[in-house]
Amino acid sequence: MATGFRNRIRQKNIEDSGFGNNASGRFIRKDGLPNVERKGVNILNRLSWYHTMLELSTAQFLSYLVIGYILINLFFALIYYTIGVEHLTGIDKSDPVNEFIDVFFFSSQTFTTVGYGRIAPVGFMASLVATFEAFLGLLAFAIATGLFYGRFSRPRAYLKFSDVALVAPFQDVTGLMFRLAPFKNNALTSAEVVVSTAIEINENGDAKAQFYTLKTHLSHINTLALNWTVVHKIDEDSPFFGFTKEDFKNNKIEIIVHVRAFDEVFSNTVVQRASYISKEIVFGAKFVPMYYPAKDNQSTVLDLDKINEYKEVEMPILVSEE
Amino acid sequence: MATGFRNRIRQKNIEDSGFGNNASGRFIRKDGLPNVERKGVNILNRLSWYHTMLELSTAQFLSYLVIGYILINLFFALIYYTIGVEHLTGIDKSDPVNEFIDVFFFSSQTFTTVGYGRIAPVGFMASLVATFEAFLGLLAFAIATGLFYGRFSRPRAYLKFSDVALVAPFQDVTGLMFRLAPFKNNALTSAEVVVSTAIEINENGDAKAQFYTLKTHLSHINTLALNWTVVHKIDEDSPFFGFTKEDFKNNKIEIIVHVRAFDEVFSNTVVQRASYISKEIVFGAKFVPMYYPAKDNQSTVLDLDKINEYKEVEMPILVSEE
Amino acid sequence: MATGFRNRIRQKNIEDSGFGNNASGRFIRKDGLPNVERKGVNILNRLSWYHTMLELSTAQFLSYLVIGYILINLFFALIYYTIGVEHLTGIDKSDPVNEFIDVFFFSSQTFTTVGYGRIAPVGFMASLVATFEAFLGLLAFAIATGLFYGRFSRPRAYLKFSDVALVAPFQDVTGLMFRLAPFKNNALTSAEVVVSTAIEINENGDAKAQFYTLKTHLSHINTLALNWTVVHKIDEDSPFFGFTKEDFKNNKIEIIVHVRAFDEVFSNTVVQRASYISKEIVFGAKFVPMYYPAKDNQSTVLDLDKINEYKEVEMPILVSEE
Amino acid sequence: MATGFRNRIRQKNIEDSGFGNNASGRFIRKDGLPNVERKGVNILNRLSWYHTMLELSTAQFLSYLVIGYILINLFFALIYYTIGVEHLTGIDKSDPVNEFIDVFFFSSQTFTTVGYGRIAPVGFMASLVATFEAFLGLLAFAIATGLFYGRFSRPRAYLKFSDVALVAPFQDVTGLMFRLAPFKNNALTSAEVVVSTAIEINENGDAKAQFYTLKTHLSHINTLALNWTVVHKIDEDSPFFGFTKEDFKNNKIEIIVHVRAFDEVFSNTVVQRASYISKEIVFGAKFVPMYYPAKDNQSTVLDLDKINEYKEVEMPILVSEE
């Protein structure tokens, strides 16, 4: 029946989605990034290690730092040990283990430039290695400083999207709607949303994805302080016109959302993307409000836990055109 | 009487203000941020600690750093003390208090990596803790570096707004006006202003805020070096057309101002917002000039202290339409 | 005769220059910043110390750092000296001067966290002060790091403007032209220029500046790699239409230039301004080319020293309209 | 025959390319930067050392740091040596070489602020120099920190362009096409491409470059996750209309490409340029696809090694207009 689509969708499909017709799987992953694997060239050229470091979780990032710190110290401890502990003053020479332990801590005291001096290098080789370890230590922390700053100064939209999109009566027709809300103490203004959809269509046998723009009732909002329910009216101009609950369920449909806003704290444009596939579209349901006046009536409360709350509504019987 | 508004205001209200009709209190706080409280999710996810650190006053920020520094040292001092002072050389063992004091200072000398060495760790445990304290210290200052930079490199408009908006005769009609001026040595160009208003209207009992755009006589300015008096002409196209002094006083009106400019020092777009509620609107007054030629006639002087100076003017009798 | 202007200039003057009519002196200083002095509020609120630090010359900036470093050490040396040298180990007690010198160097060794330990604090007070000096030292260098980065990462256009603007025959009429060229190894693209002029006009006695837009023959350029000669055609649509050499000389005229481009290295928009007053306008002269093919004919050479080179040209006799 | 062009190319040439008609060699180097040498002013004013540092390869950058580190230490070692080793404690005085070695390492221990203290300054001069070396060391690492951050936080497009442009049948006519693909883990959206061409035309003897805009079939793409094949249709509106294989081969033609996109990780606009000269244009060839569904059909694979793969195609015989 999917072939029926071809004739039913009268809208012109867009060519500039950037995704190919025979790309497979969902196009935008739930985390908002395009669902593409890159191969070829070598991994080092393919990865921007800075982008990678920025996208690590704080836990991962910190553990990498600690592990790196330990490995570097072990590495230098080994070198000092090979050079010979007699080139370091104040080493506890009671037994090899204690020797190595002291050498290890000397290394860390050099790398961090704390340099107590209880253990200090004597002679050329040990001093030379220490000279470069201290230098390396400072560069390492110079890089760490940059990474920390890069991580927490990175402009982000901090938007929470509803897990599902809903289809419900809207004005005189039906509408496909989802909602989003800023969940951090940033200040977003002049937010814009661009919504498109990919519908898989069978053409003499093989499935091809076609892309269509979904017009939204409001595509711009001045101050994004409360939640924003984005609505696409399913009227004659919509590729979904005449779609039944089954059409949404049984076919490969993906709603692609792109939000762009200006963060007044970062003074920077921020963007965030989301996507809804067939099984994330609920037919015949509408959202319940998620904000209300504060008790003192002096401000408004936005309850972020309510973002996914919706209740069923009766849908008008659609006259399917098949 | 407020119901009278409904019929009197002929302008189409805007839907993209981002504020709901049943939001309460003033919409934009005097500091320019939206008057919304967020709840739900947990506080940690709801707060961007970086945004928070950026918005602290310098005094708060510095005291947080100092307090943190002391607490961390107390924490580590406790650990060293538990491990035993015999694992630190050069401790004043005269009595427990002196011991703890020396241990505390050893901690600080490690955390800051100053490491005099008069007190130095001996043995595994103490050295290990010291190793990680020094590491932690460097990371802490890496973060501090980022925060300092983030704080003072954060692009801001540095605009001073007049405390009140005035209604005065302007050209052939009356105008609602307020003024703003840059108060720091930054260089703002191509400044734009967007003004809208929220008017509370009674509809069969319950109050609903309606939003309207306020056209401005000049909405763009090339170089924002002197003060800028923004004027909204109250003519047929204004939602305030026919408003009397009482209308402004007795009803819930809020003027929402949004200024965007380009800072040539930061090479970045900066924005600032302001808002005026009913009791901040003065009827029948106009601003006195706040700039004048310098004595040597070779430059212009902008006197920021004058920004709130205005004098009463006679208003034409408005034929109220009620 | 200046009154003659009023009738002669048919163009509509612009209101959004941002400069007042009775502002005095040149509007844009030769360095491109608006010629405005701010007073009122207090100096600390009026100065963004960060903007100030960014605009210092490298020499000034570095000497401030050095002076600050010395003063801080003197300050702390004094404190340690007051506490008593007996609370510092390893002090040369031969005489008060040597004592103070050693105390001073102890301070610097603490502030920089180098902490040799030859001199080290003993007892509570000295250790406490040292603890905070080391802390202060690290914060100071955290700030210095931010300032260094802020200074050299600050996006700038690095444009060189010709010292004078020329009036020469251009196409079928005459043109007012000046030129600019990038003088550093940055890569500017999609450059735009906006030119306006302020002409002082006598109105029943008092002089008022009127602002006019100057249309340019080309207002946009794709790649700003060579020099760009910006030309304003003095035709019927120009406020300068019919101006004689004397008109340019004897009247208060200022050409205000605003260039905006995208720096591909900073990935940031950069702007630069310039201004030409009457005595910087040369009547009857045209620029000589400043670029030519390289010897090997494989690239083009831009000679920045030629930017101000021009030669006289004969001007058509203008039929003055007075 | 090149003169034939003049009459054949009906399109209006553009004036805002920013390149002069008598500039020589290719306009945009293969690395995307304009092919211009600057002379005049002095080298220091002409070079932005920061831009230079940012464009160094990592290897160069690091070796500069190491070399600088060694030179600075040699320099200070010399000073300490001149002052006299008796002003440093703990020096190995066995022979001059050992003395110098110890002095050198003392310098490095001061510059890095590791300050073990085994060697420490005594007396005024040595302490004074050490004081400033430690200060210098911290500033040096402050600058290094800024450079590291500037280097890896610098927004770049990370686009790979096909080495050649192809001319192949496209829709009902022929098209000139090249392709590009993001090769790192950044996320580019709303990418735009601007293509122009420089054609050298003989005019009564001397060769002049004329610039023309090349319209592209698609000039904007929403998500730049897969490769993008940019196509210029060679129809009546193209300056290449009627060009034969020989015309492309025998004449000085350069295709100039400018891509601009938004990087969602940097939250910044990034640009990249490329250029194709005559010998980089292949007549009668089309690209082979470089992406395909992943095995699990759950995502798409982009094979970057395929970017230059093309196969020959038969070209319709063009009726040359000469």
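In this document, chain identifiers A, B, C and D correspond to the written order of the chains, with residue numbering beginning at 1 in each.
One rule holds for everything that comes next: contacts are C-beta pairs under 8 Å (C-beta built on N, C-alpha and C of every residue); 3 or more make two chains touch, one makes a residue touch a chain.
Note that this is a predicted model, so its numbers are computed, not measured.
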Fraction-based call for subunit D against subunit A, same above half, different below: different
Result of counting contacting C-beta pairs for B-C and B-D, higher pair: B-C
From subunit A, the most remote chain by mean C-alpha position: C
Mean-CA-position distance for subunit D and subunit B (Å): 39
Inter-chain centre distance, subunit B versus subunit C - centres from mean C-alpha coordinates, in Å: 28
Residue numbers of subunit D (touch at least two other chains): 109, 113-117, 145, 149, 268
Chain contact graph, described as a line, ring, star, complete graph or other shape: complete
Residue numbers on subunit A that touch subunit C, as the complex places them: 113, 115-117, 145
Subunit A residues touching subunit B - in the complex, by the definition given at the top: 65-66, 69, 73, 92, 101-102, 105, 108-109, 112-118, 141, 144-145, 148-149, 152-153, 158, 160, 183-187, 189, 191, 218, 220-226, 228, 262, 264-265, 267-268, 291-294, 296-307
Residues of subunit A defined as touching subunit D within the complex: 15-20, 22-28, 33-41, 45-52, 54-55, 89, 109-110, 113-117, 120-122, 124, 127-128, 130-131, 134-135, 137-139, 142-143, 145-146, 149-150, 154-156, 194, 196, 258, 266, 268-271, 273
